[in-house]
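Should a chain be cited, it is by its letter among A, B, C and D, assigned in written order, with residues numbered from 1 in that chain.
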Amino acid sequence: MSELGFTPNEMMTIAASRALKGDDVCFVGIGAPSAACNVARLTHAPEITLIYESGTIGTAPDVLPLSIGDGELCDTAITTVSVPEMFRYWLQGGRISIGFLGAAQLDKFGNINTTVIGDYAHPKTRLPGGGGAPEIATSSQEIYITMAQSKRGMVDKIDFYTSFGHGDGGDHRQRLGIDTKGPTLLITDLAIWKPDPATKEFTVVSLHPGVTREKVQETCGWTVKFADKLEETPEPTQLELQTLRDLKARTDAAHKGEAVSAKRGSKDG
Amino acid sequence: MSELGFTPNEMMTIAASRALKGDDVCFVGIGAPSAACNVARLTHAPEITLIYESGTIGTAPDVLPLSIGDGELCDTAITTVSVPEMFRYWLQGGRISIGFLGAAQLDKFGNINTTVIGDYAHPKTRLPGGGGAPEIATSSQEIYITMAQSKRGMVDKIDFYTSFGHGDGGDHRQRLGIDTKGPTLLITDLAIWKPDPATKEFTVVSLHPGVTREKVQETCGWTVKFADKLEETPEPTQLELQTLRDLKARTDAAHKGEAVSAKRGSKDG
Amino acid sequence: MTKFLPLSKAVADNLNNGDTVAFEGFTHLIPTAAAHEAIRQGFKDLTLVRMTPDLIYDQMIGMGMARKAIFSYAGNPGVGLLRRLRDAVENGFPHALEIEEHSHAAMANAYEAGAAGLPCAIFRGYRGAELARVNPNIKSVTCPFTGEVLAAVPSVRPDVTFIHAQKANKRGDVLVEGIIGIQKEAALAARRAVVTVEEVVDNFDDLHPNLTVLPNWSVTAISVVPGGAHPSYAHGYYIRDNASYLEWDEIAADRDRFREWMQKNVIEKTADDFSARVEHLRNVA
Amino acid sequence: MTKFLPLSKAVADNLNNGDTVAFEGFTHLIPTAAAHEAIRQGFKDLTLVRMTPDLIYDQMIGMGMARKAIFSYAGNPGVGLLRRLRDAVENGFPHALEIEEHSHAAMANAYEAGAAGLPCAIFRGYRGAELARVNPNIKSVTCPFTGEVLAAVPSVRPDVTFIHAQKANKRGDVLVEGIIGIQKEAALAARRAVVTVEEVVDNFDDLHPNLTVLPNWSVTAISVVPGGAHPSYAHGYYIRDNASYLEWDEIAADRDRFREWMQKNVIEKTADDFSARVEHLRNVA
């Protein structure tokens, strides 16, 4: 932790949580998106609807799930539907306001790669693949992306277009007949980015406390654009920070508790 | 009732019930098919699976439903699914062995009209239409038809092809790419009919007790073919007759009981 | 986010002359009270969509509210024909009615595709069936993998769907159970969904996780109308009033008797009158 | 009509070398015991279908049983990569693996279409996504009403599907509840469906009418294997063993350690060993 009293990762999660509103219906990816969505739910947006692709609608987990299908999600959901129904009625049906995604590789137009590093047929690294993301990216009304910055992750050219963002920028989405907004927000551990209204290139609009332009550029693989009027992200409030830390502590305890007994189990088995 | 101790309608229902086996999965139409299927279930085929298009799978009603969606069907079903699932997974999915249909108009190749008498655009009589029948007729592995004979109902040329049977006969189904058997049995109040193996024309194979060839011809609008070796349908057994009559009595009592109180209700309302 | 409204306001806010509207219910949970409210408010020029238009569409057509009907089985289930619909189709009384007729499989798929946000549904259907000749909205697509020709119909996307359900919780989530029919699809396929319910309960905490629940943000308005499905039924609340279906056959057979019945039982009544109609059907449910 | 069989016989009777097989489960109810039995019986040349091939397909691929994998997310959920699958794709170890990769939406629709007996599924998908370039089984159809171009994929029709479920009744009807995933579709899409269950109960009389039940005549064989989903979970029986998923990441990282673990924990074990593995996870479920 820095002298600021919070980590960059905490700032990222909390900044992301602030972007969510009580009437949002979020299709939640695992990891940072899941933490952000649940912090929003536990602070300023208690009415927010969280949906995980396992079919759980309106879920309110007490601890963060390790997978998108943990039992906790079903236990606390308003209803749990089949996976085909999830993708047909709820995602494709246009009922998701925010699709919240992470990325292995991201370019400046919000295109995402989670499929391969290297050539598809002969990959250097075979990643898990798209899962729900290709259709989340085009059927959600808008897309928020959150990831920690690195030159390996934020690249000039992604190796594979798993999920379409703004393509080559400009009106590329419209030209493909995609009528949803696409990526409208990128929240990293250093800054808040929004697409330029015309070019759709992600532009830094707010630096997190203590972060410099140089730091942002050093950890990004493309030449960073900054908004003319650059803001500073408000620090996490005590409530936000405490909520996030409590959530993480509950989650760690739950997973660790299981881990201990499970090790015993797997030695038995 | 005739001197035989049973009515032609009872003979029809019981003869139809005998055609059903315990491992059949029947998509049941309302009216005579419903009575026959339930008599089969209550006599020789207790394991038979009855499905009504309202989504009730494996139902075992104590009284016959007035509609295909009476509550009794759901109360006694193994499970009740949505209507899209019924038509997609269970009917179109090829899981129905017997589709059991009635008909307003029928021709000798088992084609059925329940849509209009007269011209479609300017009908003499507008009938209810096909409902589930067009796809029941082609997606069920085979089709049984049951109806009381009349010149108005069994006609040389039906006014509208609501549900396809054997078309113009012969291999017409195969020529349309339909790989199910189509109508394999017609049970009327007078006789049992089966399609000729080659021409697919319905042919009388068994006369019900006391019925003559002339009687069958008099009540049929096409020139009737009789099998070379014409059998006599075995009379209803005491068990069959009692089961059917008990079922009808329970049904009448249930519907009448409701009718009395409901008349009062509708005067109130 | 849904609103709890009196039925008269829920109907007035969400139905307009010229709308494509579905009052759905597959034998069970038919939204009769909502349909009667629409009749009282005198809407015109509606396109009525329903798999099984029964008494309520017979009534709306008989009252001259419908320009067009899209359906797959226009019967009085278990009883016979719909006589007001027949009069419109056969004799143009009270005025001509355009019809778009499908099979159940087609309509079920069309609602499903509507709920799924698709422009059309494909299925294996209408093979050898003559509806494909008389309905220009039955087309085909060829499977790009096998070459099989499948039937295609446009999805159903009503301006507004009305359904009846057992209960809402205080947040406005809605539960449908028993014969669930096409309710969920009809509600999700529509731009606006209005639900009448038997009752409002505190919460759904003790419900099984996999039941058919419409979250409050997928429902436009909810009105509490006990008995609102009569003469249809609400599983767990009251049974089907089969006698009323039988009786309707006589009422609808005569134009004058029909008008008189409508005047007395619909025009001069309100949604509050439904509760009494199911009193005698409750103890047996 | 279904048969109750020991798992070894259910697998031997229903799986063959060269089959297209789905061991399905969307995080919940993964049929691990059935997969381990298939590993013990040493099948070869399988085409493995699953939305989320996780540990069990990593194991089968690592043991050289798979010719091809059809999937939409090849990760260890919440943990990371599948290292045996990676080794096969990146290095051809233990032999080359053909892959057919889709999105979840595509796979879900493909199973749904398989259950519905259709040759293909259409949906609004893959727009701007590069999978459409590298997977020849992603094609398109044009809506005959709107002209919209939709994605099309072949339906999934496995020779046999294995799923795990909570319970069967004595007649052989099967209940799936909680996160139901793609279980019903995967079972109905297959020529043969084999189900492992936690337990057999007398009847389902007190079940809610709308739950996910596979009637006995839609199931080929049932085997009772308590704990058979471990390290996945069975809603109402035991919780997910997250630690085993974390541990797998280390085991699978090394070829020798993998073989050794498989020998000890799969080859030398039987289906009866699963029950003990979930003992400590039961009281918290």
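Here is the rule we go by: a contact is a pair of C-beta atoms (placed from the backbone, for glycine too) under 8 Å apart; a residue touches a chain by one contact, two chains touch by 3 or more.
The chain list, named the UniProt way, goes like this: A, B = Glutaconate CoA-transferase subunit B; C, D = Glutaconate CoA-transferase subunit A.
On a predicted model such as this, the values are computed, not experimentally measured, just so you know.
Interface comparison, A-D versus B-D: the pair with the greater number of contacting C-beta pairs is A-D.
Of all chains, the one whose CA centroid is most distant from that of subunit B is A. Our note on geometry: subunit B versus subunit C, Cα centroid distance of 27 Å, whole angstroms. Our note on geometry: subunit B versus subunit D, Cα centroid distance of 41 Å, whole angstroms. For the pair subunit A and subunit B, the distance between mean C-alpha positions equals 57 Å. Shown for subunit A are the residues in touch with two or more other chains, namely 74, 80-81, 88, 92, 139.
Residues of subunit C in contact with two or more other chains: 112, 116-118, 123-124, 148, 178, 180, 184-185, 209-212.
Across the assembly, chains come into contact as A-C, A-D, B-C, B-D, C-D.
Residue ranges on subunit C touching subunit A, taken from their complex, read 1, 112, 115-118, 173, 184-185, 188, 204, 209-213, 215, 217-218. By the touch criterion stated above, subunit D contacts subunit A in their complex at residues 26-28, 51-52, 71-75, 77-82, 85-86, 89-90, 101, 103-105, 108-109, 111-112, 123-131, 134, 148-149, 178-182, 184-185, 212, 230-231, 233, 235, 239-247, 265, 269, 273-274, 276-281, 285. Of all residues in subunit A, those touching subunit D in their complex are 30, 53-56, 65-71, 73-74, 80-84, 86-88, 91-92, 115, 120-121, 123-135, 137-139, 160-164, 167, 172-173, 176-178, 255, 258-266, 268-269. Residues of subunit C touching subunit D in their complex: 116-120, 122-124, 137, 139-146, 148, 150, 152, 154, 177-178, 180, 208-212. Subunit A contributes residues 23, 25, 49, 57-58, 74-75, 77-81, 88-89, 92-95, 139 to its touches with subunit C in the complex.
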